[in-house]
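Multiple structures follow.
The following pair of complexes shares a single chain, chain A, combined with chain B in the former and chain C in the latter.
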Partner chain A sequence: MRRSARSRIRATLLYAWLCAAVLVVCFPLYYIFVGALTPTAWLNRGLEGLIPIHLTLDNVIRATEVMPLGRQFLNSLAVTFAQTVLQVSIGIAAAYALVFCRLRGTRALFLVLLSSMMIPAETTLIANYLTVSSWHLIDTVPVVFLPFMASALTIFLFRQAFLSFPGELREAALLDGSGHLRFLFAMLLPITRPTLISVTLVSATAAWNGFFWPLLVTNSPENRTIQVGIAQLSSAEVNDVGVVLAGAAMVTLPVLLLVLLAQRFLAGGITAGALK
Partner chain B sequence: MTVSIRGRLRARPVSISAATTRSWLRADRRFGVALLVPAFAVFAVFVFYPLVKVFWLSMQGTDIFGQPAGFVGVKNYVTTFTDPEFGRTMAQTAIFCLAVVSGRILLGLLITIPLTVKLRGVPVFRALLTSPMVVSVSAASVAFAAMLAPGTGLLNSVITRFGGPAIPWLTSTRWALVSVVIVTVWGSIGFTVLLLLGAFSGIDADVIEAAHLDGAGAVRTLWSISLPLVTPTLFFVVVTGTVEALTTFGQIQILTGGGPAGSTTTLVYDIYQAAFGAASANFGLAAALGVVLFLLILALSLVQFGVLEKRVNY
Partner chain C sequence: MSSRHPLLIAAAAAGTAALLALTGCSSADSPSSGSSSGPVTITFWHEMAGPAATELTDLVDQFNKQEKGKITVKASFQGTYADVQTKYTASVQSGSTPDLLMMNDVSTGFMVDSKQTTPLSTFTAKDSSFDENTFPSVVRKYYAASSGGLAAMPFSVSQPVLYLNKSLVKKAGLDASKPPTTLTELATWASKIHSSTGAYGMTMNMSDSWMLEELSASGGQDFCTPDNGRGSDRVTGIDMTSGTQVAFLRELQALFTAGTALNPGTDPNVMTSSFASNKVGMMLTSTGAYTTADPTKKTSVVSSFPTTSTSTDAGAVVGGNALWISGKNHSDAQQNAAYAFASFLHSPEVQAEWANATGYLASNTDAADTTVGKKSLADPNVAAMYKQLSDTPASQAAAGCRTGAFPTVRATVIGAFNKIVEGADVTSSMKAAETKSAEQIAAYNTAAQ
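On to the complex of A and B.
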């Protein structure tokens, strides 16, 4: 009797704490999405302006008039698609070679790979900027994903997944006379699909969220990615909070939808590379 | 060639000449090398070559067009290390990293630990509390810039309604760095909770059970059993969190532009300003700063590999 009363108090306290945490942690998200749909005149009234009763799409329309956000959205989609497809396919190829091709010196190659992860992009950025500008690629869309066509982390995660592939299955495939490509597409990739999906998601989110490099290598509004676009929208429309939040909502919505669709895969995947 | 199960069970002796095996192996290796070429070509051009070039650039002067202009030895390093502003930048970088990492760990634990209790509705809380993950640095920064705006910002309107003083979040040297820390911690809390949840759920239930049987209460179990068992993850968050904080750029660029009066300029923002700032275009100096950043991150990575290999479990 006393025990159950105590555990009920404990549960109530925990719920109260969790609710408070949700309130603080989720408020900025609420602010972005409700603010995007609320006229700035209401938003300027403070908290009660955020009660979602004045919803309109005016902010979104006005935001796309100030900045070519539609075009920039498409740029970001194109960059994300290209970068993700390249990172994943180049990553699968390299990891496959490291695990299944009986190469000499794989250990050394793997160490080179690991060491490349210790080199910060913020250091190499200056030299990369000079490289791509000597190729006359500044202010184009492809230059945004060019340096990120391959990712050491992606290779690393695929390698982990391939290493845990059961050796017996591999031998069975060989006995059946299937070559590398058949083994890869008919057996390895279907079986390691959870890794494939989560690595793809992580890759795509990182590509979508890029900011520093895209800011440096593009200039004209129609070649910007949407991440840079909303930052410029924010400084151009400082006094129109609703419009600024409309930009933020446009950037966040695709990722939110993607994560909602794939929640179950994501949890295991992002943390997969964290600890060996 | 198909081999029936029966055929395989009979274990027919298959005779393959040594020469055939060798040619298979050769074909295998050629194929493997071909698969590795794209990845290592990209790394050669966009990771290793630029690293070497940054070292070279850091010993070059810079002409008025921002182009390398002759060998100057360690001049850029001397300029950097004798500049009192550099000391200030490094101090701010250190304070920023320390605040962000401790904020992440502290809030991460405070949020994650209640989530490990078996209660109804925990999955919903878990989904909600990891949701900041979907917001990019850029979107988070513009939203917080609106919320923290000096005049009409939401936060100040709430504070003043309750009789508090309006705080110059982004415009005073006292608060600007605090604001950038808040935005950065918020942006990384979702991922931190996700990592910690993974670590706590990896703890063997029998160990906890045994502790309870030995009469340990919830707090004691947490302090003496659970926390020590998640130290590898905590350590991972500390190291990768420090690297992440060290390389923070978007929040600073959008929220404060390194100001006011340089109070939010960190090492990476300094690199950006030296190379691409309106008044500068000094690639030599920026490269020297880039080398400093590289050495810091290299040291952190070595610590990570050194300690993580042994696993932290005290």
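On to the complex of A and C.
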């Protein structure tokens, strides 16, 4: 009797704590989405303005008037898609070669790849700019993802996943006459699917959130990504909170959907390789 | 196993890559470059966001309509001033600078050192309609070229001012119509407000050392040596330990350690929103913060920036931004078109509109006589801002420091000040900052030569 009373108290406390945590995590999201649909005049009144009773699409419309956000949204989608697909396919190919092809010097090669992860992106920024500029690619959409076609992190994550693949299975497949591609698509990728999905998600989120490089290499509003577009909605001194939130909501929504749909894979990806 | 397979995979990957790069997007329309005969298209980089961006876009459209068939300005937002400095450095190296560039006050040294621009005086010398006296004298001094005339076209102007919260001042038994004029008086007021209302007495912009430079200037004291960089020699160091400066630093230290002054950290929005919500009695910051600090324009009194000595050189340094015309790799037609646009932005009507929409001060004194200008000046707070601007002497101290090393120096000095407000010794902290700044400036000077 006493035991169950105590466990009930414990459960109540736990739920109270969880509710508080949910509130803390969800409030910013609530603020973004309700704020995006509430006139700035109400938002400036503080908490009472956040009761969703004055909803209107005004902020969203005004945000799209300032910047071609629709076009920039499509640019962001294209960039994210291209960058993710390239990173993942090149990552798989490179990791496969490193793990299964028994090439000479793979260890040294792998170290070289890893060392590229240790150079801060800021230091290669100007060099990359000069390269793409001499190719006359400045102010185009492909230049936004071009330098990120391959990523050492992606290769590393795939390598770690491939290393844990049972050698017996591979030998069995080879004995049955399977070639590299067949083995890759029929056995390796299905078995390492959690890594595949989480790496894809991490790459896609990074591509979607990119800011400084896209800002640097594009000039015309119609070639920019949405992250750069919404930066212009907010100014340090004078703010139209509603319009800024409308932009923030447009940027948050796709990532939020992606994360909600695939969260169980995402957590796996963050710790992938941690136990190796 | 043969070596055929890895090759195959590599080829497949490369193939997919090429295919995706093609399908990914192909909407690259090349920017048309201006030729000397036909219509000229010029690129204009700016850093305006929010309502200012909307206004600037309107002004560009207005100009393009007016110059239809002759000049087209393609304006594009390039992020913050710091972002643009990076991008501009990269574009200098690749020879793709914009025809016209908007840059902030403290980047003036950097822009002059870049040697990429044609001084504005080259164009104004040939332009009979141009009148140098339309600029407030301190603005002219700020953007002066070493060869005489102006280096760039001043566009937006701001100055630091003192904001007083009417209701808190009244509660403390003080008279907002006789505001403090010196920093010592301000400190007395702050203590009174704090003790009688419980609210903070004062706050000031602490995102970088800007306020400390202003307090030095308003004591007639140079921030940089030698001669604030306004003489023939480059700046080699900073001065933050003169008698005037140590005195005002001690005064501020006392206010902060006693809890009378609010330390807003690096976010100026914290400062303006606490002022607007009656948590602080007085605030030292830019004229540009007026619309956020007092949206109704009725709850505050704007007064002159306090002085820190009785020197006749004392005056606040102007902030804001200016328009730089690129010279290197830009044709005469492009440069002239850029000058035409810059002159348009300087016209009294445009300046009055711009000031009204953004909260900046007009850089053309004739803007006061336009319809829009007269309407803005009807607000006594706005009138007080313009009075301060026209009263500021064109002294070396009020002209402010000019060095391309400003971003690093500012970080160093505010770091030292943050220690001071926590109770560290004023003189030794600032001495250390002076030594470090001198090293940073030396490093910049070596790189810039």
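In this text, the second predicted complex is superposed on the first by the 241 of 276 C-alpha atoms of A that agree within 3 Å, B and C clash if a C-alpha of one lies under 4 Å from a C-alpha of the other, contacts with A are read in each partner's own complex, and residues count from 1 in each chain.
Methods note: a contact is a pair of C-beta atoms (placed from the backbone, for glycine too) under 8 Å apart; a residue touches a chain by one contact, two chains touch by 3 or more.
Small disclaimer: the values here were computed from a predicted structure and weren't measured.
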Practice problem: Identify whether chain B and chain C fit side by side or clash on chain A in the overlaid structures. | Solution: clash
Quiz prompt | Partner chain in contact with A:149 - chain B first, chain C second, else both or neither | solution = both
Practice problem: For A:134, decide between first (touching chain B), second (touching chain C), both and neither. | Solution: second
Quiz item: Which holds for A:176: it touches chain B only (first), chain C only (second), both, or neither?
Solution: first
Practice problem: Check the residue A:4 against both partner chains and state whether it touches chain B (first), chain C (second), both, or neither. | Solution: neither
Quiz item: Which partner does A:212 contact after superposing on A: first (chain B), second (chain C), both, neither?
Solution: both
Exercise. Go through the superposed model and pick first if A:102 touches only chain B, second if only chain C, both, or neither.
Key: both
Practice problem: Considering only touches as defined above, state whether A:126 meets chain B (first), chain C (second), both or neither. | Solution: both
Quiz prompt | Which of chain B and chain C A:90 touches, first, second, both or neither | solution = both
Quiz item: By residue count, is chain A touched more by chain B or by chain C?
Solution: B
Quiz item: Looking at the overlay, which bit of chain C runs into chain B, 199-207, 235-243, 253-261 or 361-369?
Solution: 199-207
Exercise. For chain A, give the residues common to its interface with chain B and its interface with chain C.
Key: 44, 90, 93-94, 96-97, 101-103, 125-126, 129-130, 146, 149, 180, 212, 215-216, 228, 231, 233-234, 238-239, 244
Self-check item: Touching residues on chain B, where the partner in the complex is chain A
Solution: 1-3, 8, 25, 28-29, 31-33, 35-36, 38-40, 42-43, 45-51, 53-54, 57, 110-111, 114-115, 117, 119, 121, 125, 127-129, 131-147, 149, 152, 154, 157-158, 161, 186, 189-191, 194-195, 198, 232-233, 236, 243, 246-247, 249-250, 253-254, 268, 271-272, 275-276, 283, 286-287, 290-291, 293-294, 297-298, 301, 308
Self-check item: Residues of chain A touching chain B in the complex
Solution: 11, 14-15, 17-18, 21-22, 25-26, 28-29, 31-32, 35, 43-47, 50, 90-91, 93-94, 96-98, 100-104, 109, 112-113, 116-131, 146-150, 152, 155, 175-177, 180, 208-209, 211-212, 215-216, 227-228, 230-231, 233-234, 238-239, 241, 244-245, 247-249, 251-252, 255-256, 259, 263, 267, 270-271, 274-275
Quiz prompt | Parts of chain C lying in touch with chain A, wherever the complex brings them together | solution = 1, 5-6, 8-10, 12-13, 16-17, 20-21, 24-31, 43, 45, 48-54, 57, 74, 76-79, 83, 86-87, 89-91, 93-94, 96, 268-269, 286, 288-289, 291-292, 295, 358-359
Quiz item: What residues of chain A sit close enough to touch chain C in their complex?
Solution: 44, 66, 75, 78-79, 81-82, 85-86, 89-90, 93-94, 96-97, 101-103, 125-126, 129-130, 133-134, 136-142, 145-146, 149, 179-181, 212, 215-216, 219-223, 228, 231-240, 244
